[in-house]
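In what follows, structures are represented as structure tokens.
In the two assemblies presented below, subunit A is common to both, partnered first by subunit B and then by subunit C.
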Partner chain A sequence: MTPGAHAVGTSPAPWVGRSRPSLEGNDIVTGAITYVTDRREEGMLHGYVLRSTVPHARIDGIDVSAALALPGVVTVVTAADVPVNALGPRDVDGPALADTVVRQVGEAIALIAATDARTAEAAAGLIGLDLTALPVVDGPAAAAAPDAPQLHESGNVSGAIAFSSGDVEAALADAHLVLRRSVHTPAQEHVAIETPGGVARWDADATSVTIWCGSQNPGLHQRKVARALDIPQESVRMIANPVGGAFGSRNDDPMPVFLALLARRAGAPVHVHMTREDVMAAGAKRHPFWTSIDIGFAADGRILGSAVRAVADTGPIITSGPNVMKTSAEMSTGPYGFDVASFDGTVYYTNNANAGAFRGYGVPQVAFAIENAITEAAHELGLDPAEVRLRNVLDGGDRHSLYRHRTTTSLNVRATLRTAVEHPLWAQRRQWQAGAVGPWRRGTGIAVAMKGVGMGSGTGDTARARLHIDDRGHVIIWAGPNHTGQSIQTTYGQVAADALGLPIETIDVRVGDTGEVPESGPTAASRSTYAGGAAVRAACDELVERCRGLGLPLATDAAGVGTKLVELGEAEVNAEFRLPDTDDIGIVPPEQLATFAPHRVYGTCTQVVRVEVNTLTGEVRVPELLCVLDCGTPINPAATIGQAEGGILQGLGMAIMEDHRVSEGIPRTTSLENYLVPTIADTPRMHTLFIEGSEDSGPFGAKGMSEVVVVPTPPAIAAAIRDAVGVLPQELPVTPERMLALIEEAPCM
Partner chain B sequence: MHVNGDPVATPAEADHGLRLLDYLRDHLGLTGAKEGCGMGECGSCTVIIDGRAITSCLVLVGQVLDAEIRTVEGLAAAGHGPLQDAFVARQAVQCGYCIPGVLNSCAALLDRDPDPTDAQICEALDGNLCRCTAYNRFYDAVHDAAAARHPNGAGA
Partner chain C sequence: MTPATPTLLRPTDPADVSRLLAGARAVAGGTDLLVQRRAGAEMPTLVDLSGLAGTRPAVVRDDATGELTLSAVHPLTDIADGAARAFPALTAAIGQFASTTIRNRATIGGNLVTGSPAADTAPALLAAGAVVDIVTPDGARRTVDLADFLLGPRRVDLAVGEWVTSVRVPQPPAEGGFRKIGGRRAQAISFLNLAWQWHREPDGRLTGVRLAMGSVAPTVVRLRTAAAALEAQIPTQDVVDAAVAVIDADISPIDDLRASAHYRRRCARGLLREALLPPSPGERPDQYVTPTTREKNQ
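Presenting the complex of A and B:
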């Protein structure tokens, strides 16, 4: 009945380390699965969000009378109707609906519910807006100008973080080679194929609301909705899946708040499904960064010191801006160990597209600066680019270059590099290059990355799980982080089956419903498998321990044991996993540990790519790619490889095609017609290898990996372009126009 | 109009201007076809119309009153169970939102050519965006399906 599933009851343990098809696979391929936007409720109305078409204006009046008069319109909600008009506790979190001012194209102004979607949209067109244009802050430079309009009472700086482990310029004074370079990485749109939306249902008797809407942090969205509606948190139930992709976009998304506001006002279930155009304008992007690096090398390629400065544009509200920059700070030294480093980063408010969480979370931006510098240094010093990296690698247990905190022994960048250089893709790069024909030049590039797993030391990051066994011996586990396409429950089931020693078919894992699942934090920071899996493991271990204490044979008589535990009132287990802080916080002031949040556990990755560059047209093709992963134990290897491949393709998009362009505050990339993402024809052949390793604190040795895979792809592609045509791109994406311009400027090849 | 092999009541004149995608989802309750862009760019709304894979967001009901339409819900009945099974077994699905459209593009291809090459698969899927996977397993799944449907042929 379930195609591709393993035969029931016959599969031997262990499940961990064995590829297991997604539990919802059968429902996906038959169309039976009901995504949140597929949901239909009795008496359901259809909602629409009226959004600003201008980047910055004062709101002098909103007239909804004509919209309300349109037959079929049930309600119109504006800022004045929102009990607490805020998306968070701080002013800079922004309002749910614009009240006195609009600060970006796409900002929500009013919500409409009507009997059908067309009427709701037509009503939006009848809302009279009295707006007075204000000067547009069109980027960080404009935001920092002395006479800049201030977008918040607190000013235009959304966050700043700086740290130094010594005098970098003094270290550079002795360097054989000093590079001072600046790079730019673009805003990137997630393009999850399901656009935000879903359904909310208000229960007037219970004064409670149930919301079916994608979320990477159902608990946070529950709190946001409770705040806006001014109802207790317990009166809000978020059911946050199934959802068609997220990649960070469902961290900051206000859609659950909009749905709840509409359902409450209308007193009926309301459905909303955003258009792609609305997501392109209003959805939070990857932060565009301007990053500069001063880095010095000894003649043998060893790094002597580096200073990285970064500026990011977070748009009009804070969302994840300063947290993204915090991650950039920690990863500004790359996966390298050296003595002196500094970082200085500033996030500005502007009237551009709001930016927020996106897979990689500030790391791809700074990694592009440091990896490009290493690539260039290798060429300048006449050294092999892989060898330069090997000479600088941060080994497990080493102190981090910026914060000097202790990493764990599971960190194994070196093994990923060693494995990569032995692979034919790297070893045979000269043969590959020699095979070039016509205008297509060939090159090979390598890059390395590292990213922390979880929220970092000092943050108290915790995941939880609840487990229940019934009188048939069947186990239900409610566990956090939600899934947004990773089928994390499939992985949790594998962890549980091995930890309990029970048949996997008798274990049912549920995620993403605040009505049932204990608060477990976000599906973010590469923490789901590691932290959620460890909480599941802890709950299972506790059940096993309880049975042992009571002398009950769980593995051989689950039904009997379940019956007994139910009788005893001992059938439920609650467990939590608090992510361990680093053993030694280095030179981070203890009282500021959470401010810098250095990590204990890191996932790492080396990639090798082949490119072909057309010297007449500037096109860049990426036919083949190698990814070597240091992720500890891959619990579901094929699923892990699938995550890696998808992340790599997003990195490739960022490298050569994706650029969410905004000028004068107006988005210029407005749909999938002018914002291009990789298709099957753009996709390289990919090889993903795991290195052996185990993280002691993770479930069965696993650690996170689904973000770090995005990071090396752009600098590896840049390095391959350098190898092919002799110029190293410092600005992404490398579009054909940019490539041609670079080739024209290049010295003779 | 036939949908998944069964005749459906001729749509009312007033509905002829609806997008086929909305008609399938809201009038026939076939929510397998997904909307990802509404302008022919993402392919998640792809259904099979008279044997061809077509984006249903760009088709009006009035254009297909006499057509044979197949959606993901009808794929197994049309002999494409092996294709569905192969996508699951190959772990080629992640969030799955693109998958109905992807499967319909693959099924239309397999109906035209029972043993397609990688180049043909690539061409057939060039209009289907998937943001979770890197498409590579789609090739494997289609080859598996071809082999399963024609075990004695010159399959992949």
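Presenting the complex of A and C:
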């Protein structure tokens, strides 16, 4: 029997837990797929975005007359032409187009539409800008200086969050070992393969706009466009796929607003597609962090208390800054249970590259501090680094170390650690080390991570699904969160097939279109499979229940049942899944629950990594890596492993090569020639293992995992370097230059 | 936005090239030129030399002298296949050059005329004492030492209308190699690179020691002082230390986005030291250069 087929009257083989190729995979590899940026409309114009080349300047004048006079140019849009020139409800969300000031290189100043792309770009060069340079706030220290230029009326602090569960210094006073360390993690570029862009079409009769543009949050972009154009939200339709990758970059992206502004003003469809160089300058990055930790240990390795302080640079506008720091706060105690902890984090506005959402969302930065400290403590205390972690693990149902809220029983850090230490990659680490050849020293490292699933308690986080069955028994499900490259619709289909007991090929899942899909929130926070899958499950369960109530045999006669339901006007189901808050919010003040948004459900991950370090050149190579994943039920195991491997590579990039460099407000890494990401030649042999587990609130026991996999990779690599050459890097990425300096400064080989 | 190139000429007879090159630019693999074009360089007419590859072999070895003639218009993949064991340093360099797809397009001619101080084929050729065969606009030939051909960053001794047809090297010794340091293991511009060749005499002495390094000076340079310290010596720890100690005399690295001058100086020493390490018993000599750590599935 072919997969998916089953005889009438028998139970189909379950799809949940079975690897299913992504539905559009064939079209992707053959090039047949039409991405939003491939879309062409009749009479389409080509757009171009004029961007600032300076980090901070007052705009004294913009002269578009020469650009408008260029044959082929249809329209030029500046701030003055934007009905509501804002990317969000707050001043700090920034304008759609710079009006009185530019605050970063790459900030959009004007939009041009012309009959061809070359003309549009040429017109941009004819726009006269009268700018007066302003002093550049080139980092958090400059932003915090007493005489610093203020980038917003509210000042240079974008957000701050502090919390304490007790007197950390008092706890450290009794410690056998106290470490006080500082780490730095760089700005990182998403490098989604498809750069932002798409097409918008304005319907003058209906005063509505349709936008084909990638988005992780089509509903949010719908609202942003409606605000800027000053039209009702219902007049904006976002069709946000297929898109070639996101990783956070399509959360804060203003491109849908630009497309809509151009289309309305030009009265014709307009196409825009950013170059990689534009994205490198203007696109949001992972927040660079400066994180310090004071942490105390008992002689047996138990953590007695920790205080973490973090400073982040969010660039000129708020985007996700304070929310990222909120996640950092919650994860500043790592996957560990201890009694006293504090966190103090501040996000600053600067004239550097804007930072925003990026897979991991503030967790990799603080995890690097705490995992490095535990690695160092193990060496100082003469304990096995895995054993120290096992002695401190936060177990399912335990109270969180900072907020003291209750976690679910599906939290299974301990099982990931135990599985990892039994694997040959860890068990045979001395053999690996002994096999070193020439100047290449070998080491093995381990690190553990945990990351909340969903937006957190108190936020009202909800996903929705709509289902329709027709008279052939075929089912259409409109669901979110959206597909952003991970083929979430493939997973939703598996959930639906098992929940309905129907052949999977009779189920059509549609995502990403605000004209059809109910509001389901973002593809973010590791929530899509968990929340979207649960909403799909709820819709399917409701259909099954409705059929049962009506005495209709859905599983054996879908066409007949569908016909009947259509007749009855009962063929459509709407369902939602509201992510459950934690049962016990601990010491978080109830009125501030959403401020701290502690999670009930977490995904966890342990990684073991082998490295080789060349003591003569400083090169670091990562030949092999183990990833042990606690994600409840892996609904589509191959897709889950793919997510793990992709996340690991982003973690590896952050660990040893990726560094978006800006100095004096000027981006220095301007293309993929000088901003390096891992290639297949840099890719370790990766093993991903799932541990058994089930999250009761998730669809078929699933919970999220796509971010937590990024988190352990950098500290595991750092620990492996420590094992290989005796020095522990505290600054990422560990380039050959940094590595060689560490070896030469602290030779202990 | 990439300027248009309305005309692409593709000669298959070398005799046609000089005539077609008048007012045009030559292209072979295009792996650098097309990047320049995308960055805005105007090139209304291109003459594609890669069609000439069908008229001759990638590598010719003179049986009498051992001299190798390397085609300047063949893809590097073909050069590596043709040279193989006859030129270990160049074969190793091509093995670490960019990526498979680039190596299937890029040529020695293109890599040299670009004049990059980081060019990955240049150190092996320079160490081997290569000469560059150039066709002048009137169809005549001239030959120039590679050391004289490389004038500075993006500057080479090639006049308008001239093109490089081949590169010749005297028979390289059996022992030689190449190492590059980059920000990652493929598709990376070298922070620095090193090629070496020498004879290892039966008593262990090294003779005919020739070293060349890239990304440490305005052009790829010979490490003459360090080579002299090794010449006719057994590479004992003291000899290696002495050679490494004088490498600074041969190089003048700068700070750039990829690496600091300070790192380049220290890494230059490290690379030479690594090249002089004795091969490990039971291991392939280059095992630590390209570790084979992907064992079978457990």
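The criterion applied here is as follows: the second predicted complex is superposed on the first by the 735 of 749 C-alpha atoms of A that agree within 3 Å, B and C clash if a C-alpha of one lies under 4 Å from a C-alpha of the other, contacts with A are read in each partner's own complex, and residues count from 1 in each chain.
The rule is short, and it goes like this: contacts are C-beta pairs under 8 Å (C-beta built on N, C-alpha and C of every residue); 3 or more make two chains touch, one makes a residue touch a chain.
Computed from a prediction, not measured in an experiment: that's the story for all the values here.
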| item | value |
| --- | --- |
| Partner chain(s) touched by A:Glu744 [first = subunit B, second = subunit C, both, neither] | second |
| Which superposed partner A:Gln104 touches (first subunit B, second subunit C, both, neither) | neither |
| First, second, both or neither for A:Glu612, with subunit B first and subunit C second | second |
| Partner chain in contact with A:Ala639 - subunit B first, subunit C second, else both or neither | first |
| Partner chain in contact with A:Asn26 - subunit B first, subunit C second, else both or neither | first |
| First (subunit B), second (subunit C), both or neither touched by A:Ser401 | neither |
| Contacts of A:Thr484 with subunit B and subunit C, given as first, second, both or neither | first |
| Partner chain in contact with A:Thr185 - subunit B first, subunit C second, else both or neither | neither |
| First (subunit B), second (subunit C), both or neither touched by A:Glu121 | second |
| Between subunit B and subunit C, more extensive residue contact with subunit A | B |
| Overlap of subunit C and subunit B interfaces on subunit A (superposed complexes) | 673, 677, 679-681, 685 |
| Complex interface listing, subunit C residues touching subunit A | 1, 99, 181, 183-189, 191, 257-260, 263, 266-267, 269-271, 273-274, 277, 280, 283, 287-288, 291, 293-295, 298 |
| Complex interface listing, subunit B residues touching subunit A | 25, 30-39, 41-42, 44, 71-73, 75-76, 81, 84-100, 103, 121-122, 125-138 |
| Subunit A to subunit C touching residues, read off their complex | 117-118, 121, 424, 437-440, 610, 612, 614-619, 621, 623-624, 657, 661, 668-669, 673-674, 676-682, 685, 687, 735-737, 740-741, 744 |
| Of all residues in subunit A, those that touch subunit B in their complex | 2-5, 19, 21-22, 24-26, 28-35, 37-38, 190-195, 242-245, 247, 273, 275-276, 484-487, 638-639, 642-643, 645-646, 648-650, 671-673, 677, 679-681, 683, 685-686 |
